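Read through the structures below before going on.
Each of the two complexes below includes chain A, the first together with chain B, the second together with chain C.
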Partner chain A sequence: MERIDIHPTHTYGEFKLRAGRPLPFGATRVEGGINFSISSRHASSCTLVLFKKRQSEPMAEIPFPDEFRIGNVFAMVVFGLGYENIEYGFRMDGPYNPQEGHRFDPAKILLDPYAKVIGGRDLWRVQPDWNDIYQHRGRMVFDDFHWESDRPLEIPIEDMIIYEMHVRGFTRHPSSGVKHPGTFAGIREKIPYLKELGINCIELMPIFEFDEFENSRTHPATGELLLNYWGYSQVGFFAPKAGYAATGKFSMQVDELKALIQDLHNNGIEVFLDVVFNHTAEGNENGPTISFRGIDNQSYYMLTPEGYYYNFSGTGNTLNCNNPMVRNMVLDCLRYWAAEYHIDGFRFDLASILGRDPWGAPLSNPPLLENLAFDPILAKCKLIAEAWDAGGLYQVGSFPSYGRWAEWNGKYRDTVRKFLKGDMGQVGEMAQRIQGSPDLYWWRGPSASINFITAHDGFTLADLVSYNQKHNEANGENNNDGSNDNDSWNCGWEGPTDDPEINALRCRQIKNAVAFLMVSQGVPMIVMGDEIGRTQQGNNNAYCHDNELSWMDWTLLKSNADLFRFFKNCIAFRKAHAVLRNRTHLRNQDYVGSGYPDISWHGVRAWQPDWSGASRILAFMLCGAHANGGQHQDNYIYVALNMHWETHLFELPELPQRMQWHVFANTIMPPPEDIWKPGSEPWLEDQQQFLVGSRSAVILVGK
Partner chain B sequence: MEINVKSSGQVTLVEMAGDIDSNTAPQAHERILPLVQPAAKILLDMSGVEYMSSAGLRMLLSMYRQVSRQNGGIVLVGLAEEIKDTMSVTGFLNFFTIRDTVDEGLKALG
Partner chain C sequence: MAFSATLTVDSGIAKITMSGQLDASMTPVFQREIENAQTQQAKRLVLLMSDLDYIASAGLRALVFAKQKMGRAVDIYVVGAQQQVLDTIQMTGFDRSVITIETYDAEVIENI
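Right, the complex of A and B next:
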């Protein structure tokens, strides 16, 4: 029997209407029509604006009848609308009083904050019509994807190896050889490459709709068009970036992205999204009115007592994340991505902002973070915080975690970089970082620590060992942007050089770095292209470059084949050894009766680590009988790190009877003897001692 | 859009021409659905179709589901390169047997 509420009750011009349902928010297909629902606490009235797809003038404007409002929600069903060929927006009327926080302007057509598809920037880098009265246009979504039996993979977090990636940058370079460069489809073509490398998670830099033309400008000297290439500035939180889809011109980005995720899952690779809930693309009072500002400025943004925008994000405004209504939107959004897109995890940009109250003060029990941690739909998603913000809140080690949140461990990055370039006073802290930072995460376990040396922010790994200073002139800001605290070392010459010794040292330092990363407890993350020596020519903030500076140059895979091989084998080694991926912290004790502590520390003499300030040497051994809290039997692993500029002879700790040391990696050796395929490590002739070259790392396997 | 239905032995041959989008997909669906009998073999000749929207692709997948449920077979022939590409990129192509010509399609259903 058909429902009795599928018939219109009202008429407006040629349109048949009916009171809508407030939930779900946004535009939803219902029998015979579309249910539109939008809330505003302070609007006095609301009008639905309908366009035929890509038309400059609206085809209709339908005011919400007063009786269609429930609470603060305007909800209406419009019958007989074509689902695929319309665009919709809203006009909101209400007070214009910036000091009170209100900026209503019924002249503006506003994007639905819950829009699932957003048109207006359908093709990347195609100049929009700036005279268009409605720049970012809400469209309907088909949310009936053919998922078959797919669902998020739920790989244990301690087993993850994360690969941070820019969707466009990964395959836009002509050398990528894919059919659709710079798109979701392009990534899909490169799945075999990702599998060969061995990572099991890609973390996508922002893919929610943004405007690459936001603050676009021409570099005065080079003439280069500088764009918002990274996209850390969201127009809407529910829609994937159309310009990242080969099928964006057909508005099929939703299906294309889902097909990518499905295929990645079929290949054992999870998908994390870098989500930016700390601010929006509307900027401060001088920015454009796209959506939130015109719908309910006072609710959506953190405002000063004078009605100006707080700027904890460093980008002009701050989303009011702990306003209960905004909090619900964030929760709805993440639930949507987890349920509808099968996203496996989220990395929260400047997450500390999410823990501030509406006036900016840090909360001890932030409701939003708590909600996310205990939400049933997000229950198996990995939640990762960038545990600081641009307002000075730094919470690495103290981010409110509820036993669920992991953190980008900025201290891992800083310590490893200093140790790598031979700074003194780092050995003690390095021991903490190698153990998964129990000093920071003592009750949360090592998997709370996302270990990384490089990320999209800052130098690439190749640049970290090639530049002492940032070189951001190409950004057109007189080299004032980007961090000055890079802890980098150029190995003797600033930038590219023909000096074979310097180049060999740089190559070794890159290998040392990835070796540290893969033998540390916690969750390693590498950034796209580091495995083939990608350079940004010393630019440590390439957010505005949609060009070869940012794109991954696939010819490096050939010229730096040895680096790729080193990364690949390091990753395989980590995956082969449970002793490197403990779920709980090491205890520095023997609690299984093997005769060895789970981790033991050594120096040039076995069992005698040198913790002194001048030491640049650290060695440790992981006892295979203690793998995963003693539940698994693994090999013994010995790692010697010599960041001194001289060669040192290391005495090796004695293995249990019938075990022998084998060499897995020795970064001072030229390829192919720098690293071996896990399982094929050659037996070591001298079982008593090992000569570890200057600034190099050695990894042995006892079996 | 235009739809012609013919029989070729055991196979029902459906020739489609024009654009398939949210305006035309429902009528195509309505026309083809009655052909889906138990163990039906359906060959969709798409050589006259220049554009298929999201709704059009959904209509195809819906046909596929109904044919499969009745233990039938469905084969697409004459797909324009761009449509095939869109289907590939969005994963729709995974469900279908594709052939270049009607003859090859008949063979595939045989």
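Right, the complex of A and C next:
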């Protein structure tokens, strides 16, 4: 006889019900039905609202019987629902008293914070029905994806080369040539390109469901429709953006994303997600009520004593991440992505907010950050903080790390940019940045430092060397948005020019920058398209442009083939040399008896670095016998950086017997002699000295 | 056009000829035929889809169900599927559960 473990105990209209299980939260398939579970500390009652897929009116509203509530959790099984074709939401009743932080409104239908699939914006940029009473709709997820033997790759963090990418922008441009531009499937078609470049990790800008129409508007002068293109504003935290999937129209975005991740893993590429837990898409008191505000406003948001929204995120509200209930949701969310999607790492947007208490004060021992650091499911995931917020908390070098968290090293970006354009007084700090910033991360090791010169937020690398000022007029905010502190230099002309000398210098500066990045200890990150000279025409905050300003133009791969080749070889060089990827900090000592310190500093005279304020020159040598703390034998590497506008003759340090210097890169040389394939570096005729051109970098290999 | 699925089993090869529109409501019909094929211990499962006009995600999910039901040793062939169906199978990774071919190839399929 077949056992019946779960059977209806109640009826409501045509529906058969029973008390549900409080955990897991959300909608879960159970024998014969669906278990719905949602919590609210302050709601007095809750009603489940069911729709047939894409229908404007609900098919049923089922109040949770009082006896189905355990603690603050409303849990109910509804039997006989065709889970493929339903959408669900909730109505919550409770006090409406904004001063106390309560904004319950049973007229609103609310999205489940744990919804794993969200409908309503199934196709990118297709105008929704604004009269729809339920804009973002919870749907059921299927977990039958066939992962075969896949799991997160667990590449050691010091070996990572991160490529930051916007899902849509990567392949949306007509020149991408993919079958489904702007989608997860499109990225999958470009895996051979990513492999050729040599990166081993893509970091996806937000892919949790968001509303591209949030704050959308028409540019008054150009008529361009401006959207929430970047997506740093989440509608839900558990569901992938349907509009990023070619199969979103079939609600199969989950499968398409998983297929992409599996294929990337099969090709040795990890996947990081840029996650935004600092705020939601509901904005301030004037924003829409989508989910959290109507479910339990006082718990989910940081509120002023008057009941308004604290705005540490700069976007209207701040998620109350150290409320224990919200903290659990964040943890559940990340566990879900790690376990269900095999995500390899997370980058936390404005992560300093996660270390604030419910009233906004920074915590010395933030429980959420500690939870994430020691969680068993997340144990092998890389955790990366953007260690600042819009409320003035700047924690680069001091973010509570628990030995686990790495940081976007904003100081690396700033120092390298200043050094690159020839600012004085940078050499001393540059030496720290090259070593993985031991001044900031002395006890955490160099891999705590995510080194980057450019990211989605700010100039592209091509624009960094082409513009002195931001040019954000196309954003329709009178050029008031975006950072004014860019440390950029246009090389003599603002914007595009036909001047061959300026263009040659710009190209050299780009090469210098990537050379710095790839010979620095720590974890390098490049942003999509920098390897082919992508421009945003001087716009350093292209958050609202779903157009050619943001999309990667693949024709540049042909016109800037030499740049791509330079990036590719630089990446390959880093991967070939363990001495560039130390797990622990360099000691500036010889501790293996090689006769050379692990790193030594030089200037135009060997062994005599010029640390003076006026110096724009720095050279260093890495001793191959000290690679990875002396565990590996590698070549010796010598790097000369001359950011002075004059050419300088550098005396080379003498190598151990039977070793000779070979030239890997010399950025002043025209292609193809600007860089060589690792392993094929030509022997250097003059082993004593090297003429390093103005504003250029030279990398030699001793072998 | 209404969905229909017809199963024939011959020499260990189960063929399900599908036509019409396979939406969520008709998926149980398809699944039932898969179960029947499994009951008859088929060594190959061939899904003839050239007359299938539309397949909903529930129908595609049934391919995963088929693989689970039939077991790893049983190859599943999707024959003659329309381009949109094929695209979706590939983009969602379902192509790892089935072998897609344009036309029925007796030499390959019947070579057990």
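Basically, the second predicted complex is superposed on the first by the 698 of 703 C-alpha atoms of A that agree within 3 Å, B and C clash if a C-alpha of one lies under 4 Å from a C-alpha of the other, contacts with A are read in each partner's own complex, and residues count from 1 in each chain.
The working rule: a contact is a pair of C-beta atoms (placed from the backbone, for glycine too) under 8 Å apart; a residue touches a chain by one contact, two chains touch by 3 or more.
Source: prediction; values computed, not measured.
**Q** Determine, for the superposed arrangement built on chain A, whether chain B and chain C clash or fit.
**A** clash
**Q** Between chain B (first) and chain C (second), which does A:Pro174 come into contact with in this model arrangement: first, second, both, or neither?
**A** It touches nothing on chain B or chain C.
**Q** With both complexes superposed on chain A, which partner does A:Pro324 reach: first (chain B), second (chain C), both or neither?
**A** In the superposed model, A:Pro324 contacts neither chain B nor chain C.
**Q** In the overlay, answer first, second, both or neither for which of chain B and chain C A:Gln262 touches.
**A** A:Gln262: touches chain B and chain C.
**Q** Kindly classify A:Pro24 by the partners it touches after superposition: chain B alone (first), chain C alone (second), both, or neither?
**A** Neither partner.
**Q** With both complexes superposed on chain A, which partner does A:Pro156 reach: first (chain B), second (chain C), both or neither?
**A** neither
**Q** I'd like to check the shared interface: which positions of chain A are touched by both chain B and chain C across the two complexes?
**A** Touching chain B and chain C on chain A: residues 82, 84-85, 142, 144-146, 179-180, 184-185, 188, 246-247, 250-252, 255-256, 258-259, 262-263.
**Q** Tell me, which parts of chain A touch chain C in their complex?
**A** On the chain A side, the touching residues are 82, 84-85, 142, 144-146, 148, 179-180, 184-185, 188, 245-247, 250-252, 255-256, 258-259, 262-263.
**Q** Flag every residue of chain B that touches chain A in the complex, lowest number first.
**A** That would be residues 21-23, 53-55, 57-58, 61, 85-86, 89-92, 95 of chain B.
**Q** With touch defined as at the start, can you tell me which chain C residues reach chain A in the complex?
**A** Residue list for chain C touching chain A: 24-25, 27, 56-58, 60-61, 64-65, 67-68, 87-88, 91-94, 96-97.
**Q** Considering the complex alone, what residue numbers of chain A touch chain B?
**A** Of all residues in chain A, those touching chain B are 82-85, 142, 144-146, 179-180, 184-185, 188, 246-247, 250-252, 255-256, 258-259, 262-263.
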